[in-house]
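We call the chains A, B and C, going by the order they appear; numbering starts again at 1 in every chain.
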Amino acid sequence: MPLSFRHLTSTKQLSRADADAVLSRAAAMDKVLAKGKPDDRMHGKILAALFYEPSTRTRLSFETAMLRLGGQVITADGFQFSSLYKGETIEDTITMVSQYADIIAMRHPEQGSADKAASVSLVPFINAGDGPGQHPTQALLDLYTIAKERGKVDGLRVAMVGDLKFGRTVHSLTFLLGLYKDLHFTYVSPKELKIPEKVTSFLKEKDIPFEEMTTFDGAFDADIIYMTRIQKERFADASEYERLKHVYVLHADQLKGKNATVLHPLPRVGEIDPDVDALPNAAYFRQAKNGVPTRMALIEMLLEG
Amino acid sequence: MPLSFRHLTSTKQLSRADADAVLSRAAAMDKVLAKGKPDDRMHGKILAALFYEPSTRTRLSFETAMLRLGGQVITADGFQFSSLYKGETIEDTITMVSQYADIIAMRHPEQGSADKAASVSLVPFINAGDGPGQHPTQALLDLYTIAKERGKVDGLRVAMVGDLKFGRTVHSLTFLLGLYKDLHFTYVSPKELKIPEKVTSFLKEKDIPFEEMTTFDGAFDADIIYMTRIQKERFADASEYERLKHVYVLHADQLKGKNATVLHPLPRVGEIDPDVDALPNAAYFRQAKNGVPTRMALIEMLLEG
Amino acid sequence: MPLSFRHLTSTKQLSRADADAVLSRAAAMDKVLAKGKPDDRMHGKILAALFYEPSTRTRLSFETAMLRLGGQVITADGFQFSSLYKGETIEDTITMVSQYADIIAMRHPEQGSADKAASVSLVPFINAGDGPGQHPTQALLDLYTIAKERGKVDGLRVAMVGDLKFGRTVHSLTFLLGLYKDLHFTYVSPKELKIPEKVTSFLKEKDIPFEEMTTFDGAFDADIIYMTRIQKERFADASEYERLKHVYVLHADQLKGKNATVLHPLPRVGEIDPDVDALPNAAYFRQAKNGVPTRMALIEMLLEG
């Protein structure tokens, strides 16, 4: 079944059927990768990776996905992105690039830039993060990781920890998990960084139970502990950042006897002690790896579209 | 018929036969692209894209061209270009890179750098813009667009508008159009940015009629209106730039009942109102697209040698 | 015979058998390149080129090597390397990237970073220079060049000239040449930049004869003259750099009647006058070219495991 959209800018576009279709295709892509044999189904196709702000992890994951499918990549990254400082509009840039490439992934620091881009793109467009806005491919790889690690999504208890205000992955993932049944959310954050009203009103509207707290302890009994980095770049006041950056740090002993799966979008900067890495609970590196099959699935499905 | 040169540094190198051969090959490449099937004629070949100053549009267009032919690309871009600040000469860099790649495209901020590079390159070399010097592949894609949009080049009335002093594409294109018959040029610019003597003396020598004016009105009856951006980076005095940047702005109503084809090398920063985009006259995005088949043609022809 | 190691971080890892095996494979790769036909033995494989500090030459050489084998490349370069300034550890970055790519080459400004990376990498890892530490692929291509230019390595007289203190290629190459028989070293440097004790103690331990001197003349009778650049970035005091930068400059007349092969890791900034370039002694551009087959050899051998 094809996806219900041509461009992916927000997880809010996905129906449950869309989400399930992506999970199923990502699992198929994992099998392709496991074979370790060249796959050439995208031979002759080009992905344009336009990163107006740098994000090595996301960019390399997209590029790897396209190359693993036998396609090719053209890249514009960060300060090199000359048209930007020459004052060109996003619409003009995308009109041009969508005449070169077969599919576009764009990261941009401004919220709403992805919608502008999608409105003019002549080829499928994927939002790879638009500032404080959405980051749907991260949310989809998170979902795929949850499904793979736990064998299901319905019925899970999910705790999200850290910067829940600026952390767009937390918002995108909540909207996406909202498609599933019988979930329960626990939001753990300092009061300065609590989950915004746009997310809680979504949960209320859909009658999804959730709690908010400032203490870390409430997270340990969840099925999923989704840790996030407190982002220095979001604070005007450096001392405020220093005070909050390590307010929640996960250690191995806190997980003793716990069944929780620990996720983190990475990079981490101290929120998870390296002593957690060796535990079976630690799924964050497997999560990073899942970015490749998830993006392979999306590229293929959007190009089939 | 092979091209009459091994390296392309200036449009002055081209004979009429060369120009026609490029147009004909570019048209063939357009057919390859239209098929949408992988083409592997450059399989195993490598293009080096060396951009000492960033130019996303030109670089991505060159890279797309090579990838669409089944070749591969190595790229050095802007501030990453470490050998530059380590003080290496262009000649040493090109001697090295021409032992890695099969063909080189270079953008460099200094006039004359392309000739230095071509003088030592062991493989075909293409000037992708050398400061205020030449930008021959832009001129060739402009020519291809003119031929495609108007069905011919001979006999056209061409108006060029804006920064005619620093706009190297205007110079390169005039020299190239000088190969064709019965052309007429109208140069519209503020007196501070008028077309330089090296261009007008060329036209006089070849007995090609032209006029110079400061008012925009004279452009609207041309067959081709070639708009250009006033480039901020060329002005020492910011207020001078502010005064001149929008001295000519094209609006849809100015084109009412006119048959003119509007070109612009892009990016535009206000010289063409977006209300022009929907008119059939607006050929600037098709022009950008033509960069790919034109560069495919040049890469193949130079590698045929 | 497979190499005795899975990751290459230092020339000290190589046995004589390893070094000979690399030379032999590099010679085979030179034959592949000479054919000029596409080679697809790495089809479907991905090299990650992670350059925390820019080094165009080394990066393009690695990328060319992988592409010439039919493989693909993902690249992160210099200031774009966003995870770095977000405070991620090298170990986390490499854990992630080694889940994307099949082999990694990394350049990093800190000594010891390569060992950290290799300790966690899930795929073969190659040190492409770790600050003042090692640069083993440069040393191997130097060795390959010596063997190719002179027909042998045993018994040669090798002079190394310039910055012998900070020049890591000089250290890496000395350790590598230490595997061969009957060598003699002459180290020519200003006293501020003399060869460090870690190198001289290595030579003493292995009973390899060497001399140290401050005058250039002692170099001209060697079989190999290995010139190096005085690196501006190593000096806190600019006037100190100015005083030393051209203390040894090689001119064609100094090589009159001499059989010496002149090497330089490039870029040069005046240490070798261009009048040397035309002499048969001048092997430094052939040396740069040898970077490609040498790295092709290493990539293939490490992936064979």
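Odds and ends about this structure:
Methods note: contacts are C-beta pairs under 8 Å (C-beta built on N, C-alpha and C of every residue); 3 or more make two chains touch, one makes a residue touch a chain.
Please read these numbers as outputs of a predicted model, since none were measured by experiment.
Taken as a contact graph, with one node per protein chain and an edge wherever two chains touch, the assembly is complete, since every chain touches every other chain. To overlay chain A on chain B by their CA atoms, one rotates by 120 degrees, a value rounded to a multiple of 5. Both copies, chain A and chain C, contribute mostly unmatched positions to the interface they share, with under half of the numbers common to the two. Distance between chain centres (mean CA atoms), chain A to chain C: 39 Å. For chain B, residues touching at least two other chains, in rising order: 75, 79-80.
Within the complex formed with chain C, the residues of chain B that make contact are 43-44, 46, 48, 72, 74-76, 79-83, 86-88, 92-93, 95-97, 99-101.
Residue ranges of chain C in contact with chain B, taken from their complex: 37-39, 51, 53-57, 59-61, 63-64, 67-68, 70, 75, 77-80, 229, 266-269, 285, 288-289, 292.
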